Amino acid sequence: MLDLAQIYNGYYLEKSLLSVMPEAVLIVFAFLILLAGLFNNPSKNSVNSYYLALIGVAFSFLYLFMLSDHTIKGFYGSIVFDKFDVFLFTAILLSGFLTILMSKNYFDTRSVLIPEYYSLVLFSVSAMMLLVSSINLIMIFLSIEFMSICAYILTGYLKGESRSTEAAMKYFVLGTFASAFLLFGSVFIYAATGHLSLYKIHNFIFEQNYNAHYAYNLHTFLAIGLILLLVGLAFKMSLFPFHAWTPDSYDGAPTPVTNLMATGIKIAAFGVFIRVFTSIYSFNVFNFYNILWILAILTMTFGNFAALLQTDLKRLIAYSSIAQAGYILIGVIAGGYYGISGTLFYLLAYVFMTAGAFAIIIMFENLNLASVNIKSYSGLGYKYPLAGAAFSFFLLSLAGIPVTAGFMGKFFVFSAAIKSGYYWLVVIALLNSAFAAYYYIKIIVKMYMSDNNNNGGQLNLSNGRNSIIINAVNTNKDSQSYADNGSGKTALTEAVSLKSAAPALIIAIIICLIFTLILGIFPQPVISFASRSVTSLWSI
Amino acid sequence: MNSKDLIVWLIPFFPLLGAILLGVFGKYLKNYSGYLGSVFIVISFILSTVIFFTVAYGHSFTSTLYSWIDASYFKVNVSTTVDRLSVIMLVMVTGISSLVHIYSIGYMKDDKGFARYFSYLNLFVFSMIMLIMANNFLLLYVFWEAVGFCSYILIGFWYEKKSASNAGKKAFIVNRIGDFGFALGVMLIFVNMGTLSYSSVFSGIHLLPPYLITTIALLLFAGAVGKSAQFPLHVWLPDAMEGPTPVSALIHAATMVTAGVYLIARCHIIFSYSPDASNVVLIIGGTTAFIAAFIAMTQFDIKRIIAYSTISQLGYMFMAVGIGSYAAGIFHLVSHAIFKGLLFLTAGSVMHGMSGELDLRKMGGLYSKMKKTAITFIVGGLALSGIPPFSGFFSKDAILASLFNKGDYFFWIIGELVAFMTAFYIFRLIFNVFFGESHADKNLHVHESPNVMTIPLIILACFAAVFGFIGMPPFDHSIFYNFINKDFANSFNFSPAVNNYPWYLLSTVSVIAGLSGIYAAYVFYIKKSFDLEMLKKRFKTVYALSFNKLYIDEIYDFAIVKPMKNFSVFLWRVVDSFVIDGAVNGIAQWISVTSSKVRKVQNGMLMSYIFTLSVGVIALLAYYFVR
Amino acid sequence: MEALFYIFSIIAIFSALMVILVKNPLTSALYIILCFFALAGFYILLNMQFLAAMQILVYAGAIIVLIVLVIMLLNLAKAKDTIRDFHQMAVGIIAVLLLFAEVILYLNAAGESKPTGIYTNAVINKIGNTQIIGQFLFTKYVFPFEVASILLLVAVIGAYIFAKK
Amino acid sequence: MNVNVNDYLAVASIIFCIGALGVLIRKNLITIFLSLELMFNAANLGFVAVSEYLNLMSGDIFVIFIMVVAAAEAAILLGIAIAFYREKGTINIDKANELRM
Amino acid sequence: MSIFLKYILSIIIFFPLLSALILVFVNKKAEGLLRNLATVLSLAEFAISLFLFIYFKSNTYEFQFIERFSWIREFGASYFLGIDGVSLFMILLTTLMTFVSLLSSYKYIKDHVKEFVILMLVLETFMLGTFASLDVLLFYLFWEFMLIPMYFIIGMWGSGRRIYSAVKFVLYTLAGSLIMLFGLITIFILHYNQTGNFTFNLLKLYNTNIPLTLQIVLFIAIFLGFAVKVPVFPFHTWLPDAHTEAPTAGSVILAGVLLKFGVYGFFRFAIPLMPEAALILTPIILVLAVISIIYGALVSIVQKDLKRLVAFSSVSHMGFIMLGLFAMTAVSVDGSVLQMINHGISTGALFLFVGMLYERRHTRLIADFGGLAKKAPIFAALFMIAVLSSVGLPGLNGFVGEFLILVGSFKQYTIFTIFATSGIIFAAVYLLWMFQRVMFQDITNQKNEDFKDMTLREIMTVLPLIFLMFFIGLYPDVFLSRINPTVVHFVNIIEHNKYAYNLIKAKMGLFNA
C-alpha cells in the first residue's frame, strides 16, 4: 500500500527531483529554446537556440557532476540515479553535445525550424537519459517512445527532402511495430511475475530459481515475455534481424541527427538493455545466452557483409554501427564486472569515433566537396590533410586498430568474453573485425590512394575548367599571371574551406580526436570510471 | 704474436691489401696497378719461402688471429696451421701467382678493367692462401667458397660477353652443388665431434662409427669433386676458359682446382679410416681422367683442350689420393701446377699473338713466328705427356706405380691408357698450332709476346723441366717424399709405392705410352698418313661422343635444369598464383558476392523490413518452442 | 460472464479482421472503433470501468477521429488499397500464423497463476477504480505521468513540424 | 467453465497477431497504423486482464500510458502521412523506396 | 646521463614520434628541408640507439634498461619496456634501416614528401615499441598499429597495383594478428584463473600453466599471427605483392624490419609461453620452414620482376630463420637471430639497389636491363656485394647466420637441414642469374646506354649496410656475444620443458612411430 504521507514529505520529493535533475535541466532548456524562439527574430533564433542548447547540456553536465557520488531512487522506483547512470549520462550528453556542435554548421545552409530542432535534440537527449535510468517497465516503455518520437521527428526534419520523410516514415512504422512487441512482452512478464519493476522481477526470478515448485505456466509466460521484450530492445540496439530501420533512417536523416541516432540512441538502448540484462536475463533463464550470442554473431556478420560493398558513406557507417552493436553485445553477454564495464567503455569510445566520423562527413558535406558517396572522397586526403588524417583515424578506430579507442573497447569486451568462456564467439568476432577492416580501409584508399591522378576529383575538374576559361579570357596576358590566377584560385578554395568549416565543427572533431586517442592510449581513468559505475548494477 | 706468426699473417695480408687498394683506387692507379699487384704477390711469395724453410727445418705451428664465431658451443677461430703440406702449397701458389701476375701485366695491358683484374687476382691469391693455411673446416669452407667466388668474377671478367658471364655463373653454381655436400660434411663433423679444428677432428675421428666416417668423407669429397671439376661436376671447367687466359692458368689449372686434392690430402686421416670412401675417390678419379682425356682428343679450342687435360690430370691426382698415395698425389699436384700453368700461359701467349684466336684449325706453323712460346709450350707438352726428364714423368709415374703396387691393375691400365691419350691430344695441339702450314687469316699479324710475358714462361718451363728431380731417387726415398711424408706418417692407409717391381719396368711402360701417343699424333697430323675424315665417319658414334663432350651438358640441361625451371614455373603460376592466392582472392571474392546478396535484404521496401522483423520474432519464439 | 466474454471476443476478433481486410481505410477506421468498443466491454468485464471509458474517449473519440481526419484531409477515402501482392500476403499470413501458433502453444502449456497483489475486486470496488488509478497516477506514477505529458507535447511539436509546409 | 486469464491472453494474442498481419500485408500507411493500434490494444487487454487476475493495479496504470503514447503516435503519424502524401501524392508505403541497399 | 640511461628506451621509442611532430610544422612546400630534417633526425635517433649498444651488459640474459609504469590497472597492463640481446639488435636494425630508407628516398619520393617522412618516423616509433615492450598488451598495441603507416606507404607511394597490395597486406596481417590477439588474451585470462591476478607482464605470463590441448590451440592461433608476418609458406602471398609495389623505402623497411617481427614474436611470445605445444608442433613448422626455403628459392628463379624476385628470396631466407628458431638449439637460435639482422641488411640493401634501378629506368623487369656493369661500375660492385651477402658467401654476413642455423639444426633434424642446405644452391642460382641478366652481358636495350652511376648520396645510403655485411661476416662475435646469453637462456627454458614434453608425448602416444 502506498505511504501517502511520504509523498508530501518535502525531503522525499526533493530527493526524487534530484534524481532526475540532469534530465530536468535539459527539458527546461528545451522549453526555454522553444520560448525564446517565439520572441526573437528568426535570424537570431538559430544562434540563440544553439547557444541555449549548449548551455543546457553544460548545465546538465554540471548537475551530473554534482550528483555523481549519489545513488538516488526517485519517484517510487520509477527512476534511479546511480553510478551506472553517471557513466552513461556522460556518454549520452557527450553525444548530444557533439551533435549540437555539428548541427549549427549543418543547418545554417538549410531552411528548417532551428529552435525546434535544438529543443527536440535536448528532448531526445533527456529521453535517452531517462531510458537509461528507468528501472521499471512503464518507464522503459515511455522513455523508449519518448526517445523514438523525438527521433522520428528529427529524422524527418529535412523538409522537402523525400529521403528524409521516407526515412521518418519507415522508422516510425518499424519503431511502433517493435514497441508493440515490447509491450506485449511486458504483458507476459507481468503475467509471469506480477511486477513491472526490474528490481522486483529480478527478485522474483531469483527466488523462483531456487524454488523447486516453479510453476510451469509462469515459466512459459516468462519465456515468451523475455523474448518479446528482447525484440523491442534489440530493435533499438539494431541487432539483426531487427536492424532494418537502421540503414534507411541513418541515410535519410540529417547527418547530425544520424550522429545522434548512431551514438545516443545506441547508448541508451544498450544502457537499458544492460539494466534489463543484469536484472533479468543474467539468470540465463531458458539458456537465454544462446539466443544472445547467436544474435551477436548474426548482427556483426550481417553488418559487415552489408557494409562491404556500400558506396554511400552514411549507409556504410550505419551498417558498421550494426556490426559494432554485435561487438558491444558480446560484452553484455560476457557479463559480470569486466564484461559490463568493457561494454560501457566501448560505448563511450564508440561515441567519439562515430561522432568524429560524422563530424568530418558533415564538414565535407558542408563544403560541398563531397556528397556522401565514397567516390567523391577521392583525393580529399591530400587536399585537406588534417581532416583526412582525422577521418582516417576515426575509421581506424572503428576498425579496431590499436592506439585508438576502438581497439581498447574491443579488447576489453573480448577479454571479458574469453574470461566468461565464449571462445568461439570471440574468434568469430575477431575474424569479423578483420574483414570489416576492409571497408574502412576502402575509404582511406579513396581518400589517399585513388588511381585518379587528378587529386581533387570532380572538384578539381571544375577548377580545371574554370582555369581554362580564365586562360581563354586572359589570353593576352602572360603565362605568369595565369599561373598566379591558378594558384590564387586554389588558395581561394582553401580559404573558403577553412572559413566555412565552422569552429564548432572543428572543435567537435578535435574533441573526438583527442578522446579517441586518449581512450586508445591511456584508458585507465575511463575504465576505472566504467568499473566503478558498474558496481551499482545488480548481480554484478 | 711472434715473428713467425706475423710472417704467417703477412702472407695473406699483402694480397688482401692489394685487392682492396686496387679495387678502390684502381681508377687512379692506372697502369701501375699491375706492378703494384704483382709486387704484393711477390712479397707474399718471399714470405712463403721464408715460412717454407721455417717449417722445413722446424715444426708446423698454429697461429690464431681472433675468435671468429662464438655461439654457445659453436666456436670457430680464425687461425692457421702451417705444416709441410701447406708450405708446399703456399710456395707453389704464391710462386705461380707471382709469375702469372707478371705475365698478366703484359697480357692484360690494353684491357679496360686492368686494375679490376689485378684486384680480383689478388683477392684470389689471398683466398687461396687462406684456404691452404686454414686450420679448421669452417675456415677452409669459407675460403673454399671465396676462391670459388674469385673464380666466378674472373671467369666473368669480360662480363659483356654473354658466354663469359654464363660460364662464371655456371662455375659458381656447380661449385655450390659440391659445396652443398661439403657444408653438410662440415656440419656432420661438428655435430659428431663438437669441434671443427683439424687437430681435434683428426685425432678423434676414429672414435666415430665407420659409416659416419664414410659419410663425412664422401660429403667432403663432394666438395672436392665440385672444386676440382671431377666427373660429374666437371662441366664448369671447360666453360671457365671464357676468362682471361692467365686466370685459367692460375686458377683453373694450377691452384684452385687442385684444392680438392689438397682437401683430401689434408683429410687423409678421415679417408684412411674409410676404405669405401677412398675407393669412391679412386673410381671417380679414374673415370674423370679417362673421360676428360677422351673428350680432349677431338676438341678444337686450344684452351678447352688444355682444360680437359687439367680435368684429366686432376683425375690422376684423385686416383692417387684414392689409393692412399697422398704424397704421389701432392707431387703430381705441384708438378702439374707448374707445367699446366705453363701450358695455359703459352696458350695465352699464342692467343696474344693471334689476336685472340683459339681454334686450332685456324693456326699452324707458329713455331717460326713465336719461338719462345713454342719451345716453352713443347716443354710443357712433354711434361704433360710424361716424357722424362720433364717433371710430369716423375709425378705421373709415381701415381701409376702406386696404382700398380696397390694391386689396382684396372686403374693402372686406365692410367696408362690416359697417358697415351694425353700425349696424343697435347701433341695434336702442338703439331696443329706450331707446325704444319698456317691456316691463319693472312691479314693477321702474328707476333711474339713481350718479355714481360715470355720471361715467366721461361721460368716456368725451366721448372717444368727440372722440378721432377725432387722426386729422385725413385719413390719413397725421394727428397719430396721424405719431406712430405712426415705429415702423412700418421695416416693409416698410407701406401707408398713399394718396390715390389722394378720401377724402371713400370716407368718404361709409361714412357712407351707417352711416346706412342706423341707418335700417333705425329702420324695423324704431321705425316697425315690417315684420312681423318674417313676415321671420323668410321667411328662416328665414338667421335660424336667425344666431340660433344659425352653430351653431359645436354643431359644436365634435359634432366635437371629444364625440369627444375618448369617445376619452378609450376610452383609460381599454379601453386602460388592459382592455389594460394586463388584461395585468398577466392575468399575475398566469395565475401563480396555474399555481400552483394546480403545487401539485397535491405531492398528499401518497408514490407520486407517488417517481414524480416517478424521472421526474427518467430524464429526466436520457435527456438524456445523446439528447445 | 462467460457468455459476454465470448460475445466480446467474437466481436473484437471479427472487427480486427475486418480492419485489416477491408479495402477502404475509412471503413477500417470504423471497424477499429467497433473493436475498441468490444475491448471496452472486456475492461468492464474485468472491473475496470474507468479504463473502458478511457478506451472509448481516447481511442475511439480522439485517436480514430484524428485518423479519420487525416483520411479525409488527404482525400484517401476513395483511394482503394487493393491487396494485389498475393505473394507478400501469403508470406505475411504464414508468418503471422506461425507467430500465432507459437503464442497459442505457449498459452496452452500455461496453467493457472496465483494472485499476488492486494487489489482484489472487493478493494477496488470499495475505493473505486477511478480513485485508485488517480491516486496511483499522482503518487507512485507521477513521474511517468509527467514524462507522458512532455511526450505529448513533443508529439504536438512533431506533428506541427511535419505538417508545416 | 470459467474464463481465466489465459483466455483473455488468447484473445489478446489473436488480436495482436491480426494486427501484425495487418502491418505485414497492407500497404496503406493509415491502415498499417490502425493495425499497429490493434497490436497496442491487444497489449492493453492483456495488461488489464493480468492485473485483474493477479489483483494488481500497475497493469491498469500501464494501459493509461499506452493510450497516451498511442495518442502521441497518432499525432506523429498525422504529420508523417501528410508530409509523405505531399511528396509522393500517395500514402502507399511501396512508394517509399528511395533508400535501399 | 643516468636519467637519460634510465629512460633511454622511452626516449628511443618516442624520439621519432617527436621528430614527426616537429616535421608537422614544417611547410609542406619545403621538400628539401623536410627530407634533410627527417634524415638528420633519424640519424640522431640511430646515434641515440647506439647508446643502448654501448651500455648493454653482454653477460646476462636479464632484461635491461627496464622501465615500468602502471598503465591499465584493471587489467594489470603496464608500460613495461626492457630489452635483451635479441631486441637490442632488432632496435638497432630498425633505427639504422629507417635512416637508410629515408636517405634512399630523396629521389624516389617526389610528391607528398611531408606525409612520407612523417609516416616513416611514426612507423619507426611503432616498430621500436614492438621490440622493446615486455607487456603483452603494449606489444600488441605497437604491433598492430605498425600496419597503418606501412599501409599508407605502400598505398600512397607504391606503383602498379599498389592499392591491391596495400589492402592485401593489411587484411592478411590483420587477420593473422587478430587471431593472435585471441590467443594472447586467452593466456592472459588463464593466468588470471590460476593466480587471481590480471597481468600482462610477459615475464609473469611465462609461468602460466596451460593445459596441453588448449596450448596447442592457442599456439596455432598465435602461430597464425606471427606466421603471416614471417611469412611462412602458405601464408606468404601478401609479401611478393607488398614488396613489389611498395616504394623502395617501404620495401626496405618491410624486408629489413617488418618481417623480423614474426620471428621475434615466436622467440619472445609463442615459444616461451607455450613451450610444450611448440615442441609438439615443431615438426610441422619445420616442414613449413623447409618448404618456404625451397619453394621461395625455386619460385625466385623464374621471376621476371626484380623486386618480386627479391621478395620471394625473402620467403626463402625467412624459412632459414624459422628453421633455426624451431630447431631450438643454442647455436641454431643464435644463427637465427643473427640471420634476422643479416637478412634485414642484405635484403634491405638489395631493395635499395633495385630501387635505384627503378629510379633510373622506371622498370623493374629483368629483361629490360643488361650490361649495366659497364656503365655503372660502382653500382655493380656494391650491388654484387649485396647479392653475395644474400647468397651467403662466406666472409659476408649471410654465411655466418645460415651456417649457424644449419649446423645447429643438423643433429636433431638432419633431413630438414639437408633439404634446407640445398637452399644455398638455389640462392646462388636465382641471385647470380638475376645479377648476370641485369648487370652483365652486353647492353641490349638502348635506354641503358645513359645509365648513371651511383651518386654520393646513394653510396652513403648503402655504405653502412655494406660495411655491416663485412663486419658481421668477419667479426660476428660483437653480435653473438650479446645475443648468446639470451639465446642460451631461451634454449634452457625449452630444455626444461622438454622433460614435461616427453612425458606428455609418451602419454599421448604422439609420434609413436
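What to note about this one:
Letters are used for the chains, namely A, B, C, D and E, taken in the order the chains are written, and counting of residues starts over at 1 for each.
As a working rule, contacts are C-beta pairs under 8 Å (C-beta built on N, C-alpha and C of every residue); 3 or more make two chains touch, one makes a residue touch a chain.
It should be emphasised that the depicted structure is a prediction, and the values quoted were computed from it without experimental measurement.
Taken together, chain A and chain C share the touching chains B, D.
Among the chains present, the centre nearest to the common Cα mean is that of E.
Ranked by how far their CA centres sit from the centre of chain B, the chains are topped by C.
Taking B-D and C-D together, the pair of chains sharing more C-beta contacts is C-D. In this assembly, the C-alpha centroid of chain B lies 103 Å from the C-alpha centroid of chain C. Centres computed as Cα averages put chain A at a distance of 41 Å from chain E.
Centre-to-centre separation between chain A and chain D, using Cα means, comes to 27 Å.
Note: centroid distance chain C to chain E, computed from Cα atoms, is 70 Å.
Under the contact definition stated at the top, the residues of chain B that touch 2 or more other chains are 599, 602, 604, 606-607, 610-611, 614-615, 617, 621.
Among the residues of chain D, those touching two or more other chains are numbered 5-6, 9, 16, 19-20, 23-24, 27, 33, 51, 54, 56, 58, 61, 65, 69, 72-73, 76-77, 79-80, 83, 93, 96, 98-101. Shared contact sites, meaning residues of chain E that touch two or more other chains, are absent.
Listed by label, the pairs of touching chains are A-B, A-C, A-D, A-E, B-C, B-D, B-E, C-D. Put simply, chain D touches chain A in their complex at residues 5-6, 9, 12, 16, 19-20, 23, 29, 32-33, 36, 39-40, 42-43, 46-47, 50-51, 54, 56, 58-59, 61-62, 65-66, 69, 72-73, 76-77, 79-80, 83-84, 87-88, 93, 96, 98-101. Note for the complex: chain A touches chain E at residues 338, 341, 382, 385, 396, 401-403, 407, 411-412, 414-415, 418-419, 423, 426-427, 430-431, 433-435, 437-438, 441-442, 444-445, 448-449, 451, 522-524, 527-528, 531. Residues 169-170, 173-174, 177-178, 181, 223-224, 227-228, 230-231, 234-235, 240-242, 244-245, 247-248, 286-287, 290-291, 302, 305-306, 308-310, 435 of chain A touch chain B in their complex.
Here chain A touches chain D in the complex through residues 137-138, 141-142, 145, 149, 152-153, 156, 159-160, 162-163, 165-170, 172-173, 176-177, 179-180, 183-184, 186-188, 190-191, 194-196, 217, 247-248, 251-252, 310, 315, going by the rule given at the top. Every residue of chain B that touches chain A in the complex is listed here, in rising order: 591-592, 594-596, 598-599, 601-602, 604, 606, 608-610, 612-613, 615-617, 619-621, 623-624, 627.
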